[in-house]
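One structure is given here, and the rest of the page talks about it.
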């Protein structure tokens, strides 16, 4: 397993580079223009100068290699210098600049991470924490009222779009009751109990919307997988051996049911970092999702490219983690 | 827990992939003719599945036969009767331009259900294929899973823009305007939604192929194809079913997002997702405009889910006859 | 308090010069505390020269200021300059070749150093640098030199006579930046100066304390602002992001925000939200015009890609004026305005709708829909109805593609117009294109508005300032997009007329304001009376403000925040 992990990690480097190249070519091919959002009063000659100033005049491969150099050398060194304070680490070369704000994309992404983790991360975490027990109980008591209600709620939770639930929550809890703010304040710093409570209050609505959506999906997989295993022979054997019901379900069945659930959860973690576009827009969270979608609309290619690169790294990493966990859950799984 | 029936690998499993089946969107996994009635009997006892089938049938009739009965033109604008509530002339009221909501729901449903089902099936097909191949054949695992990683990482919107740029005109020429868009959208949603299924199926296959019965089958020289179709696939049916139900909802909503961005059907084609999207701003004034399409999407998804539940139980010989 | 409220109401209604309207009462700098502004399209930089977007211009306008700007009536008022240079006061030379500006006395940058003519000259050099990609470089077009005559005097020399010399350093799009701060940021190095671009040193009422691109800006009162009692608000949080509905809700319903910009929402939605009484809707009309462009060339997909919508192939039926006129007659403009914009839009038949002096009084007949006349016109021209009700002549069917950008109101307009055109026997297919692609200049995309791969299309146009000359220039011969120009160009219709060109040339050389206005009206009439452009609705600028905030005066000719220093809270 260790060998396999190391080999996969080594393989991950070319994988990520090829993915980033393909994405770069895709973005280059996609129609769109960084000057599209400017008012129509700006004449075409000026637009052309703006495009040239952004470096669009150069061939695509030159731009890609330059971006890659900045991404894998300059940006990490810069981040390291900022974290450790060793100024001599700071590279001389340029950093990746966003076309919208003309500032380093690394700084903007770092600004967006706190609110993304607070809102989207918490939404995901709570979603998992709700989904697992619901899935297990629903399967164990299949077709009980608990199961039926759980099924109904999770189906509605998944098929009713977030923009509907989000707006309804805002209308009820912000407009009518006035309990929670409808807009997330990204400048709020948690320093004491008071500001912590403010942070909690502004998180409640977006986190519940996301938690409902995530829980709906994960609980379905949990339930289905548990159902499959509850009927297996080994469960009967375990019971026949006189093991406690609790042990049978929570140890043997659960462990064997976890493979699809682990897959789904591992796929969802990188998605946390790509944000939740609609929820972020409705509650004005301005996390990474809003950053990405705005960058796409504005054809801010360096920003889109950098975000998708980070995303690709996380995907490769978490899929590897999932594969390792398979091996732990079911030692019979072999990779080599 | 009284499973009196044998395990799927012994008798039922092998045949579980051939023969016709009612209400089955998953046509790849048909039960054998001789067990057809067993499956149906079991299916009937599943109240949820039965109710789900009726609701689904109702939805299909609503969108297919409905427009023959309720003949209002979904695109006709009667500006004097805009924003009306339910009445005899307009049972579901009218929208902001005075178009009949019932007719729009019917026509919209045609597209949404068709897109939802086809895109889901396509995604499921690719996902299952990739998942099984990479899980079972070690040599293909690396390349297939790295492709999966690539598709997971691709930003959806630029990908769709490129697809529209490259293929819209060609498809419109070959299939006609509306069908060209249909093919484009179904393909776009299909090829961007298979990755989760593929990862899940692969995970399950990795575990299943080391189980004793598969090892046994292999040791007696069963060819790989038959092991996969008879012993592996029937056992990964549950997560595939879940993916299918979730896939329909995702496909219908994605279609609306595409239309909204101008990448989907022309603006005079109503779809449920689009009606839902358009109604979003009117949620306070005319909540019905959001509730109706939302309700129909949810009903479709829930009914497919219960049908899937019932089918899985009916197809599982360990549960059947309980 | 009540007297202030009435005063504010008067100010808003009559758009009085606010400095006069709100006398120095007990309010002092910072006495109004904190102000919350929401821009649902977030601000990405504070350096207007590097962005060009309206949102950036508005945010920067409370920090960076021009020499002169437009007041709500569209008149020039001196800002950092002592007076507006004119022919009468001798600051514009008789031959119209130079203009001389004089800076007002004792103006300080927010860091305490004095503003000098060197800063003004530097601003010109900064923006005019060919590698800088300055978004407002066209403001400096035709300028031969900008010189500092002394500490406070600047002379601009043009390369040919300039009837309208008030372009450079005028309005929110042409503010003065500090030489000391941007000296090392010229040309290609402009984007490297992130700190300067995010927190420029200005002369305006506020300074940036924290800037997060596309998220939020924090402002604080400028300690060196030239009016000692202003600005009244000590701090401003300028939030960005979310959507228009959320922004409107935050002002009208939850009161979390005091001011929201650019609320493009359905009129009923806004009305219902505004009914809560927490906020007020501000609407004012500038030159923004929603219109339909007619393609005079053939966009047929059967043609080779590089010949579609080019002059090689004239349009099969839109070159017939009777058809174009019938299309215009079939449209019910007042209804469009009411449904799409409510009180935020006015039906119009003019392409140039503002300022009042240059908007034509000659075209109001088209405000009335006349399906019968349109039908008669087409019958007369020999277009006969087929069995399906669609007209044709000599095998040419009146069948066309109508495209626009994705936007709820535009899709409603498409549906309505499609139906009216069907009533006169013209079949219409609809297409909507994502705005980022539609307004993007990507020459490889068929879906841009310049490429115009459709028969008719709808979008909104506007121009900066009060002079429509360059706006009308767009329809001159040779300005049409074509493969040789990488499909760039603003003559979207592929329209060309010698008469029109001659009129425009005359206008561009004319110095007399009355004659200029007369020519603008003639040019406008030429376009709309030949039905090259079908104007639909004049759109207003729409913002929302909390009833608790006073002093704001809407201004469509400049930044909405032109008098930010004078905003105050009623319940201090």
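Letters A, B and C name the chains as they come in the text, with residue numbers starting at 1 for each one.
In the analysis below, a residue touches a chain if its C-beta (ideal position, glycine included) is under 8 Å from a C-beta of that chain, and two chains touch if they have at least 3 such contacts.
Keep in mind that what you see is a predicted model, and the values were worked out from it rather than measured.
Novice: In terms of CA centroid distance, which chain is the most far removed from subunit B?
Specialist: C
Novice: Going by C-alpha centres, which chain is most central here?
Specialist: Answer for the innermost chain: A.
Novice: Quick one: report the Å distance separating subunit B from subunit C, using the average Cα coordinate of each chain.
Specialist: 46
Novice: Cα centroid separation between subunit A and subunit C, in whole Å?
Specialist: 38
Novice: Could you work out how far the Cα centre of subunit A sits from that of subunit B, in whole Å?
Specialist: 24
Novice: Indicate the residues of subunit B shared as contacts by at least two other chains.
Specialist: 161, 165, 280, 284
Novice: Could you list the positions in subunit C whose residues touch two or more of the other chains?
Specialist: Within subunit C, residues 245, 437-438, 444-445 contact more than one other chain.
Novice: Quick one: which residues in subunit A touch 2 or more of the other chains?
Specialist: 31-32, 167, 296
Novice: For the complex, give me every residue of subunit B touching subunit A.
Specialist: That would be residues 1, 3, 7, 48, 138, 142, 145-146, 148-150, 152-155, 157-159, 161-162, 165, 195-196, 199-200, 202-204, 206-207, 210-211, 235, 238-239, 241-242, 245-246, 249, 252-253, 276-277, 280, 283-284, 290, 294, 297-298, 300-302, 305-306, 309, 312, 316, 318-319 of subunit B.
Novice: Under the definition above, what is the set of subunit A residues touching subunit C in their complex?
Specialist: 31-33, 35-54, 94, 97-98, 100-104, 107-108, 111-112, 167, 170, 174-175, 178, 181-183, 185-187, 280-286, 290-291, 294, 296-299
Novice: For the complex, give me every residue of subunit C touching subunit A.
Specialist: Going by the criterion above, the answer is residues 38, 42, 44-45, 47, 50-54, 130-138, 188, 190-192, 194, 197-198, 210, 212-216, 218, 237, 239-243, 245-246, 249-250, 253-254, 256-257, 435-442, 444-445, 447-448, 461-464, 470, 488-490.
Novice: Going by the contact rule at the top, pick out the subunit B residues touching subunit C in the complex.
Specialist: For subunit B paired with subunit C, touching residues are 75-77, 79, 82-83, 96-97, 99, 161, 165, 169, 172-173, 177, 260-263, 266-268, 278, 280-282, 284-285.
Novice: Flag every residue of subunit C that touches subunit B in the complex, lowest number first.
Specialist: Listed in rising order, the residues of subunit C that touch subunit B are 245, 265-266, 268-269, 272-273, 301, 335, 339, 405-406, 408, 411-412, 414-416, 418-419, 429-434, 437-438, 444-446.
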